[in-house]
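Both complexes below contain chain A, partnered by chain B and then by chain C.
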Partner chain A sequence: MLGARLSRWTMSYFAAALIALVAAELLMALGYGYPGAPVESAETLVLVHLVALGWLSLLMCGALFQFVPVLVARPLYSDSLPLPTLACLVAGLATLLLGFLQMDGIVSIPFAFFPMAAALLAIGFGLVLWNLGRTLWVARPLPLPARFVAVGLCSIAATVTFGIIFTLVLGGVTDNPHLVDVVASGVPLHAIAGLGGWLTFTAMGVTYRLLAMFMLAPELGGPRSRTGFYCGTAALAVAIVGGVTAICLAASVTLVLFAAGLLGLCALLLYGADILHLYRARKRRMIELNSRMAAFAIASLAASVILIVVLAGLGILAQHVAAVVFLVAFGWLSGLALAKLYKIAAFLTWLECYGPVLGKMATPRVQDLTVERRAIGWFLLYFVAVWAATAALLLEMPVVFQICAGLMLIASLGIIVQLVRIRQLLDVSATLRLPPGVRVPLLLRCSVQHD
Partner chain B sequence: MTTSFVEVDVRPTLRAGGEPFGEIMDAVNALKPGEGLRLLATFKPVPLLSVLSSKGFEHKMRELGDGDWEVLFSPSAAARTQPETGAPGIRDDGAWPEPLRHMDNRDLDPPEPMVRILAATEEMAPGEVLSALLCREPIFLLPELAKRGHTWTGGFEPDGTTYKILVRIGGSRGAPPPAAA
Partner chain C sequence: MFIQTEATPDPASLKFLPGRQVMAHGTLQISDRNAAAQSPLAVKLFNVDGVTALSFGADTITITKGGGDWQHLKPALLGVIMEHFMSGALIVLEPVRNTGEVGSTEEQAIVAAVKEALRLVIDPELGYNIVDLGLVYDVAIEDGGVANITMTTTTRGCPATSYLKDGARDAAWSVNGIEFVEVKLTYEPPWTPEMMSTEAKRHLGISDGGGW
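Up next is the complex of A and B:
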């Protein structure tokens, strides 16, 4: 019954994440990495980690520091740890990227970047797990959305463990044969744990609560949702634990992934049914931009699943896996992230600025901080560009892909301008903008209630 | 040490559609040191558990059949030595009168329920109680109530979907409560 307060550093996480997104889109538009370079090249690894760690993981961590307390109705364990955590994660990412460039011969400084990156990222994600884990632990029994987050946190632990093994082997620190085997065959497991377990599963949990909250729909947690949760958890356990076991026993990883894929498919079908129900059962008929754009993101997830099934059926999944990963990362995860950022930035800024004077004087509404008709064009451009870029990858048209990546970059910059305008209250009418006692908030830091 | 229990049966109040919280808190405030409370209710009074726990009571629950529950609240060992323990927002140093204002905010878009509750608290006098129905726990409202010196209690109704909050207007409006974290 203690409620949740504003998370002090969440905006800094969002800003760092958006910088990584812009950098990644710029590199793709310039033809850096896949499809111009092979999937396993150092260039592609730089790009993939800039997106997965820099953009999606930083965003997810920042969002979780704010929303885990909302999911469990308790304050965050520590409000001061997120800043050193962010420093470790950003430094770890930068060191990791330098390690890839060193592998490629572009950076020739004789420094052990990989072990350093492993240490920094382990500390950073360790702090994330400690802070969110302690917050969740005292709130047991957990509501369903928080259980998804808990499984997501276990998955990031697995992802980082795989990553550490890779960096230690590639950095020449160890030559243990089992670990070398994990490096040789474990890349799909690292990607599934990261994109599937950490990012997708956590995002699924968060959408259960956010969509219900923003559309005035009933909270779900019935047998279908629980079955979906258990199927998804089982899929991840089979893929990660089963996958590692298969590697160590020199058995078929493909078979394990097939079993995990079937369980994952069940989980996603049940999730899809739940989400359709949320949209249909909503009390709010006219839904806001963020909920409409979230539908495009969820449609991208559905399209990714259909694509996997069709490509696997045709026996050509392996050669097109990059296109599927692209659609998952940019259509589903990034699309959802941008859509929800638009709402979350407005809500948190509104609460920070006007919360203390609510009821005492006239204040703007949350929607007065945004201009949806201006933002919608950027969102539509973003989604169309992502879908076209996916098609360009499938059809092996690298120049078209670069053009689409350029359009994604323009759309993302357009959305970022909207987010900065929200944060600086630039779209609030002058009469309501700054009542006595209200100041324009800092761009990167929230003043916490009770400050 | 055996505890003697004062019995409070709120089942008739609940069956009549009434709000028993004030009745319970009055009984709790009238307890002598070392006395406990035997509460009879038509549902498991989960919200009350944390309120009374913050006032230093341990509880034992027993289902009586037909959905009725008996809860025995006894002073905890810590409370016997330090009876004035309390938690932010749910400190209780006086009576909870019947709510003066009732709001049904269940169909409002968030954060409109919070806006309306805070607006109402500004119009009410110290000691008065506001009752509001919501469709979810008002996570961000609670720190704001604490900051404004109000006390509250709340919890989901037996239907599991309606959240009812009672807010008692604080006497020192605007001053931060001493225990607020």
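Up next is the complex of A and C:
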């Protein structure tokens, strides 16, 4: 087969990720973690890692196993690695969360959870890097979206390295003074490498290709896009490499982050200009729900940037950094993820069920697997709740934040019901739904039918 | 490669002589952008502002402008023609033949039947048949009921590629008189929305005119 194949375990990654999202939203609605507890508390750390690792990273890994081959028009290096990778990542996340609970005194089992979590997550992400890295390596020279993914993969390597250092120091395995310094001052670098490099930069690269594909817009790769890529890469390099150097030399990390921030701002402005161009130059005037909702996610990214600039200008960024991180995680990254998930789930389900009978009988369209007018309400509720929750954090109104988190949970469950309906082909007309030889697919696993 | 230009009696038209064969048989008149879809070169030339009509001869390309100055238009047009010929891309997607040269009426009927059968195959994302989307570049019938289909996909690396290819093979195979089907996938020229039929564009809400 030329280029990409159906990734068998992508749906399992998506399911695990959605469970983590629901769990995180439920905890926030119940008042667990920030703002009810301090940012650095074990409760908040549980919540943050449930979102960053459990929801966003698992989703990103599952999506990349399917779409990196599309970006480079080559098959994935290994189809057998994604399942053990998923097992390592889920086990590593669970162990890490147990480590935080142990730190909080809630779990009293005398077990070295942190070193075990570090080992499992290092193996899991190592397998991700090996599989996707080998796929990208043979496809050189890489098209622009794939270069973003390559930088994102370097960033996850940095993020995991920071995480391993944190777990080894917190777990009492080492007391090397340099590593202790990294733990004391390196949390912003860990967050920037994870949220900024791994999740945001990779998502930016993927949107270049997916938005062009889904809206019939010209693929971009001109001087503006390339400059944006170089600015973003430089921003991450300055933040991560410069930040670690500053910590080791006992110099100012703030100055390094300021320089990285300026480069990052340039990258995001150029990205914003490119995305505006994609929407304006699209051939498909009536765009689907996923592209419309992606615009809300991108607007959330723009709002996050504006918020950072305004708060920094007022000198109160440190006080409100949690609100900014929340908007980036739930407005931009989660909003984009849910919007694209709605499309990707339908597309993969179509390929699995109807691809093999194409040309033999009439088949539904991908759009026939969805009912957008039913889904749009859940998406709108989700985004309104996220924006209101951000405002509640900024205005320091914890009860309002909990209510908004509850609304986010309801909206997410509503979207998940739509995804299950897609997988079960419940919205396909009876005449086209199950032609001879086609069966309802498994919920958690893609398997090519008719083989 | 050296491209000469030659004035015509009509000041709005200019003849370009690329020094290479343009049309193997007959001539091709393209009076508007809609008709350009059959020729990747014509699509590119219509993307130059001011071009209103084209005519391809055996070794000539006559370009008619609606406005502007040849001094400004000529460098852009020369660039497009030069780049196209140097890339080795096709001038027209399907051989333009006079009726008498196409082969038997029976062969024409089989080609039409194969194209009709290929309409059963839809691009899952766009939800429209691959023939009207312009994804089928050529259907040729050889002796012994061999159908040679040349097609593309909207995007390189699309996960649906093998299904589309197999679907086209199966659909063509269902036609009476077809014994063997060879489906060739190509990305030269790359697909653009310009290649869609007017009906497909209307269905997808895509306005006429303009390339990417």
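Note that the second predicted complex is superposed on the first by the 446 of 451 C-alpha atoms of A that agree within 3 Å, B and C clash if a C-alpha of one lies under 4 Å from a C-alpha of the other, contacts with A are read in each partner's own complex, and residues count from 1 in each chain.
Assume contacts are C-beta pairs under 8 Å (C-beta built on N, C-alpha and C of every residue); 3 or more make two chains touch, one makes a residue touch a chain.
The structure presented is a predicted model; accordingly, all values stated were derived computationally and were not measured.
Placing chain B and chain C on a common chain A by superposition gives a clash between them. In the superposition on chain A, no contact is made by A:Ala299 with either chain B or chain C. In the overlay built on the shared chain, the residue A:Leu216 is in contact with chain B and with chain C. Look at A:Lys283: by the touch rule set out above, it reaches both chain B and chain C. By the document's definition of touching, neither partner reaches A:Leu26: not chain B, not chain C. In the superposed model, more residues of chain A are touched by C than by the other of chain B and chain C.
Of the two partner chains, neither chain B nor chain C is touched by A:Ile410. When both complexes are overlaid on chain A, the residue A:Ala94 reaches neither chain B nor chain C. In the superposition on chain A, A:Phe347 makes contact with both chain B and chain C.
In the overlay built on the shared chain, the residue A:Leu432 is in contact with neither chain B nor chain C. In the superposition on chain A, contact is made by A:Ala362 with chain C only, not with chain B.
Counting contacts by the rule stated earlier, residues 1-5, 69-70, 73, 213-214, 216, 218, 283-284, 347, 350-351, 355-356, 358-360, 363, 365-366 of chain A appear in both its interface with chain B and its interface with chain C. Touching chain C in their complex are the following residues of chain A: 1-6, 66, 69-74, 213-214, 216-218, 281, 283-286, 347-348, 350-351, 354-356, 358-363, 365-368. Within the complex formed with chain B, the chain A residues making contact are 1-5, 69-70, 73, 75, 213-214, 216, 218-219, 283-284, 347, 350-351, 355-356, 358-360, 363, 365-366, 449-450.
Per the touch definition, chain B reaches chain A in the complex via residues 47, 50, 87-90, 107, 109-112, 114-115, 118-122, 135-144, 147, 153-155, 161, 176, 180-181. Residue ranges of chain C in contact with chain A, taken from their complex: 120-122, 124-127, 154-164, 166-171, 185, 193, 204-207, 212.
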